[in-house]
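Both complexes below contain chain A, partnered by chain B and then by chain C.
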Partner chain A sequence: MLRLPTFTFHRPKTAAEAVRIKCDHGNEAMYVAGGTDLYPNMKRRQQTPTHVVSLGEIGELRSIDVRKDGGVSLGAMVLLSQIEAHPYLRQHYPAFVHAVAEISTPLLRNMGTIGGNLLLDTRCTYYDQTHEWRESIDFCMKKDGAICWVAPGSPRCWAVQSSDTVPVVCALEATVDLVGPQGARSLVAGELYRDDGIQYLTKKPEELLTRLHLPAPGGWQASYVKLRRRGTFDFPVLGVGACLWMSGKTITKANVRLGGAGSYAIPAAETEKALVGRELTDEVIAAAGALAMKPARTMDNTDLDVYWRRKVAPVYVARALQACR
Partner chain B sequence: MTDPGKVLATFFVNGERHECAFAPHKTLLEVLREDLQLTGTKHGCELGECGACTVQIDGVPVLSCLVVALEAVGKQIRTVEGLADGPTLHPLQETFADLGAAQCGYCTPGVLMTAEALLRRDRCPSRDTIKQCLAGNLCRCTGYLKIFEAVELAAARLRGEPAEPRKETIHGS
Partner chain C sequence: MVLDDPAARPAPQARTDAPWRHDVKKEDLKVIGKPIRKVDARSKVSGLTRFADDLTLPRMLHMKLLRSTQAHARIRHLDVSKARALPGVKGVLTGNDLPIPFGILPVSQDEHALCPDKVRFVGDPVVAIAASTEDIAWDACRLVEVDYEPLPTVGSVHEAAATEEPRIHDYGVRGNIHRLENLEFGDLAGGFAASDHVREDTFFFEGNTHLPMEQHATLAFFDRDGKLTVWSSTQTPHYLHKALTRVLHPLPAHHIRVIACPNGGGFGGKSDPFNHEICAAKMTILTGRPVKIALTREEVFWCHRGRHPVLMKARVGVSKTGRIKALDFQSYLDGGAYGSYGTASTFYTGALQTVTYAVENYHFRGVRFFTNKAPCGPKRGHGTPQPRFALEVLLDKIAHDLGLDPAQIRLDNLAPRDSLTANFLRIGSMGLGPCIQKVVEGSSWKTRRGTREKTADGWIRGYGLACSSYLSGAGLPIYWNGMPHSGVQLKVDRSGLVTAFCGSTDIGQGSDSVLGWIIGEVLGIDPLGIRVVTSDTDLTPVDLGSYSSRVTVMTGNAAMQAAERAREIIARGAAEHLGVPPSRLVFADARVFDAEDPQKGVSFADAVIAAESRYGTIGTVGSYTPPKTAAKFRGGGVGPSPSYSYSAAVVEVEVDPATGVYRVPRIWVAHDIGRSLNAAVAMGQIEGGVYMGLGEAMMEEMAYRDRTHKGQRVFVHKIPSLLEYKSPSTLEMPDITTYVVEDPDRNGPFGAKEVGQGPLLPIMPAVANAVFDAVGVRVDEIPVSFEKVFAALEAQKNGKPGRYGPDNVPPVDFGDSLKVKTPWQGGDGTAWNEPKRDKKAAR
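Entry: the complex of A and B
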């Protein structure tokens, strides 16, 4: 059987107490929300905290609040299934809700949280394997080893950003609240991530993500399109999040993020530039989509063929743009 | 805080209290099967990838292989052993048996727990709703068709309709 390694389980009642416990144990401790990312990783010994700090008892992280401006603030411990079922979110944030509904399976969405999804570990064919599997070919640099099996000459890890909500949340320019020993701070979601498969977050390990703030609806249209082998279970091997701000029919600003195509949700900068000042015609969509092949830095470390994944990036970007109409 | 070693806790499973001592890093699946001898719940992948271990916690179907048992203390746990009412099978169990919706049977406890939660929420689910709802329970034998038909038939019987399986389902077409 695949068992969890031994650890001490902590169940603090407040965010401040959780941060204190995490600080007391340093690198030996990790937070756990729904555990649907951390526990499989612990069973495969990819992550091996000896202290696990559960956020399950912290009531303040569970609320969904509609703000005065019509925007929505979600606690980090809000379940994915709660988001799917929330009438206001369904009405005003269909792209975000769609991304959530595309995650894993209904059973896992009854357990997984939005906070855990935003902080999901990066993934790689050579990393998401049992300890024995990884040992048999020798460990890679993301855990216990020194080499990268995908790009053996590379000094860095190319593990893949695999959360479905991250491309949308970054495109929307949503913000997140973090709490650490030095107090609280807020970031635009895009600033939470780094282009590195190992250090994929800019936040300090002890910082707790407390809330996600979605911008007020109106003036923009968003979408999310996902590529995967099966219609359920599978992580995205390409996930396009788009958000277009409009004045009448003219696009005034465009954010297009490519998930599953690198270690962070990569901005398709040329695509974005080609959209601003234009109307969303079929020609503009096709031309803007074509520009998305270059930024898609797919590597041979996920499901499906690496060249094909890169080749279909324009198609998926075009579909995402069409869905914004 | 709980130290490594064993902890003592009380679980409510299928309406009964169970006190038991177990290692605090055990999953709910491991405690159910190994400490409470409730082996109806199956272990498959143990990584969230198959649904064989599905149980209900406070009425919601979840994967017991990814729940630390300590998080389930004080909550109402329901397993496949709690579906029948004494000697009377749950309508889902009846229709799964009658229609051949269980072949090797390994996925069946998990499928039943997911489907039962659906039928409590939706008395008349469409085929598409049933498919979506069972999208986290893999079955390697049936090809799913008989599972969907069995859920539909059980739903009809739970609504009080005198529904019978289609002839094609039992005898083939």
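Entry: the complex of A and C
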């Protein structure tokens, strides 16, 4: 079997202590939450920290709090399976819970955390391979190599945003709290991500994501539709997160985010424009869906044929909009 | 010379007409047919079974293989000095240390444990390193310096056909052609001339792999007395023993012991002798310490030996009523980098087409190419799923052309029982008709098919039907010899314990249990009380291995013979003790008693004591050799079997017309097993086959990345991981209705035939046929992936034929065919234009 390389394991009790340990060891250290992403990556030598800072014993990161306004704040270490089973979340945030329930398998969701899923490493079929396999292609720019195999002329990496929750929290305009050596700050979720397969986060490496704040329910309808080959295990090759604000039957604001279609959850701007001021009729949905893929950067670095993924994407965007009705 | 001909031994009781008791009535059986648990079930489910990777020995070293990063290259220079110098490294092997080539078939001894001068695919092993820890061994591999001189890569059958030089191997037919076969049975031109409708199509079946849950592992120890023991996850300990004997020359064969551990799934992927097994053996000899290697999942993909990608061209001529008059079939196999079982695989793509339906005239051409991919070999159904897919889809098309029911066209063409086929395969019992009837009735085929009913979410339902046949063991062994294919020894102890020794290997299919059930039935004792000792070349008589669905029939018959012989001895002793004639004794419920006065009897243990007191220690043997084959032409050795199983399936699909995505909610499958030895285990095999077939049908593929960078071609398996090599999950598993059809065959124990492989075969064509029934498009390619259904739908929408599939085969000169007259032309099984050869070479 593949073996984990040797590393020093730290178990801080507070977020501040975790940040301090991370700062002490710089690039040699990484945070680990559930470990479902980092440890397999370490076995494949995609990430090679010699110090791993576990967040498992930081109690403050484990709570789910319903705020006074009815919104919910989740600690980064809340398990995905806790979210699935949470009655309040199930009632008021069905799209978010659905996205969580679509992640991998029940076993993984019992280990994986919401914080870890929001920060999931970008994925690529040239990158998510063992050291030996990557050696046979002389590696790629995301780790140990010089080129991007999926677009060899490109100066950047095209690894794919593959978290199921990110398109939804971005569409919802949820916010996240970060703690760093200089103190705490908050961001709208969409601002946490960048359009680059390697530097896919705006967060500084030493900053720790501590909480996710979901907006208060009411006045909006959200949905998540995932395209993948199997009903379980698989990462999305397209994950459509949609959130529509309504006034009566008229859409006043629309956020549609495309996961699995580029290095970040891409806003489907023309789709959004085609929705605002309209009612959600079949015709509007079909027209809006057809515009969705213009900004997408779908490439041949995930499962399923790239041509097909582009062709059927409008169908799934339309289905996500239908689910908001 | 036949050393152990069952006929030459004294026959126990009068069994000449039905030596394997196929005609016994169901109600007379106490063990056979009952759903009792497997002999190893509780250890398996409680995690106590020790697989090869669970084994450790004191002072054990850990070994890793450094594998090629190049698809095709000469090794210009190899430097292992830095690796050797790393603290903790205890042994380093290179190609020079293991110069003798090996291979599973005598005709293709083309593998080296470590490549001496040239690598042939990404994953080909180059260096083996043993160290005190696995981490050190891995680190040491990174210190090896290999200087490769790249050679042009051959990536497909088309490329292989067009590439005379460089050759991947310096043997074979010519260029990169490994094997070439051309066999003609009957009068093809006449058959087509007499046909009212002729249809020709091209099909492709992509390669896929076994995906056993257990990754291969081996532990080897060479002790101070000069004896080598190798524990391994292998399906074929006897063949591994032979390969080790060859490559470790001059170590004598009787100093080598191979123990096959329980396999965590095999499916054909653990049937070859492997590099890691040979390296572990050599490394323990070199270091004097036990050596363990456990492969990674990626390495299991490199071992492969799975389904050959096969391009096929098939032409069928039928009468107005759909009777098959002529079949012309061509197979183009992408063999990968080594021979493996490929010679047999090539023949198997042509052998069994005639066993389901009566084909009047038949022409088969097959060619296997070497390519720079992981080597292909036998996977569940070995060589037959690909042509079965082509034939069953083609028949479906013909039925639609003629306006016939696809079920009826099959029923009208059934090969007759107790007959010889055009290619001289001897069919015995034949239950395909009842199988078709079962699935047709169960699925309401007649009223449901063609209705294109819509589901609540707007998807369209369709139904597809297909059939198949498979062999119950190859009629000939892999290496030519006249010895039995399976042997069983029984030790009967005065405590009443019966111990069965047999070389057969339980790979999860239940072969250890089969031994217990058969012996338990014959001796009238509880099968769970029988000790079964298997797959240890020091302790157990040879069984050729768990491949070609041979174990139930061959080991079963050998066990039956050994048990009947033990019964005879015990009966004589008990008869004398009780004062009744032996012929009146009944063995049942762990007692031996007088049929006329059941009170008069003794316990089985006391009967053994009575016999042992009179005749001494009780031990018997049994063995089995399949019947002589009817085919005498060159190549006729692949296909014959003691009996053939039959399967039929109806698949229900629901297709999303907007995307081509489809799901399979239900499958009905019927399998003619001859006689079910244990209905629960048989159904497990059938449903396991359906699951594996569904994976092949829908998604599994050995896809390769083919890129060129800085003038050099990169050609490597795209997705060698359990996450990205897509195989169905439990959520994709449909509801299955399983019918066990029993048509006892005279060559099997109590009439049993195989069940391990056959039920997989109809699933792939039935899925393709169901998609057609739903949305009217043909995907003539496996897997029938969502993208291909969508592409065919798009083509149809744009006014083109609603089809996705290949449209050409590479140009290959097959030369003149060997011509064989069919039995109905008065043929005798020889080819009338075949040059005379000495008998040994003919095999």
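Everything below uses one rule, namely that the second predicted complex is superposed on the first by the 325 of 325 C-alpha atoms of A that agree within 3 Å, B and C clash if a C-alpha of one lies under 4 Å from a C-alpha of the other, contacts with A are read in each partner's own complex, and residues count from 1 in each chain.
Convention: a contact is a pair of C-beta atoms (placed from the backbone, for glycine too) under 8 Å apart; a residue touches a chain by one contact, two chains touch by 3 or more.
This is a predicted model, so every value here is computed, not measured.
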(request) Figure out whether A:V315 sits in contact with chain B (first) or chain C (second), or with both, or with neither. (result) second
(message) Just checking: does A:M111 make contact with chain B only, chain C only, both, or neither of them? Give me first, second, both or neither.
(response) first
(message) On the A-aligned overlay, A:L187 touches which partner chain: chain B = first, chain C = second, or both, or neither?
(response) neither
(request) Figure out whether A:L201 sits in contact with chain B (first) or chain C (second), or with both, or with neither. (result) neither
(request) Using the touch definition from the top, say if A:T125 reaches chain B (first), chain C (second), both or neither. (result) second
(request) Give one of first, second, both or neither to describe whether A:T232 is in contact with chain B, with chain C, with both, or with none. (result) both
(request) Using the touch definition from the top, say if A:A286 reaches chain B (first), chain C (second), both or neither. (result) neither
(message) If we overlay the two complexes on their shared chain A, which of chain B and chain C does A:M1 touch? Say first, second, both or neither.
(response) both
(request) Return first, second, both or neither, reflecting whether A:L304 touches chain B, chain C, both chains, or no partner chain. (result) second
(request) Touching chain B in one complex and chain C in the other: list those residues of chain A. (result) 1-3, 5-6, 231-233
(message) Can you tell me which positions in chain A touch chain B when the two form their complex?
(response) 1-11, 34-36, 39-40, 43-44, 52, 54, 56, 104-108, 110-111, 231-233
(message) Which residues of chain B touch chain A once you look at their complex with the stated criterion?
(response) 1-4, 23-27, 30, 43, 46-49, 51, 54, 60-63, 66-68, 70-71, 114, 132-133, 135-137
(request) Under the touch definition given earlier, write down the residues of chain A that touch chain C in their complex. (result) 1-3, 5-6, 125-126, 128-130, 132-133, 135-138, 147, 149, 152, 229-234, 303-305, 307-308, 311-312, 315
(request) Enumerate the contact residues on chain C facing chain A in the complex. (result) 67-70, 122, 134-135, 138, 215, 294, 296-298, 658-661, 699, 705, 707, 709, 714, 716-721, 723-724, 726, 728-732, 785-787, 790-791, 794
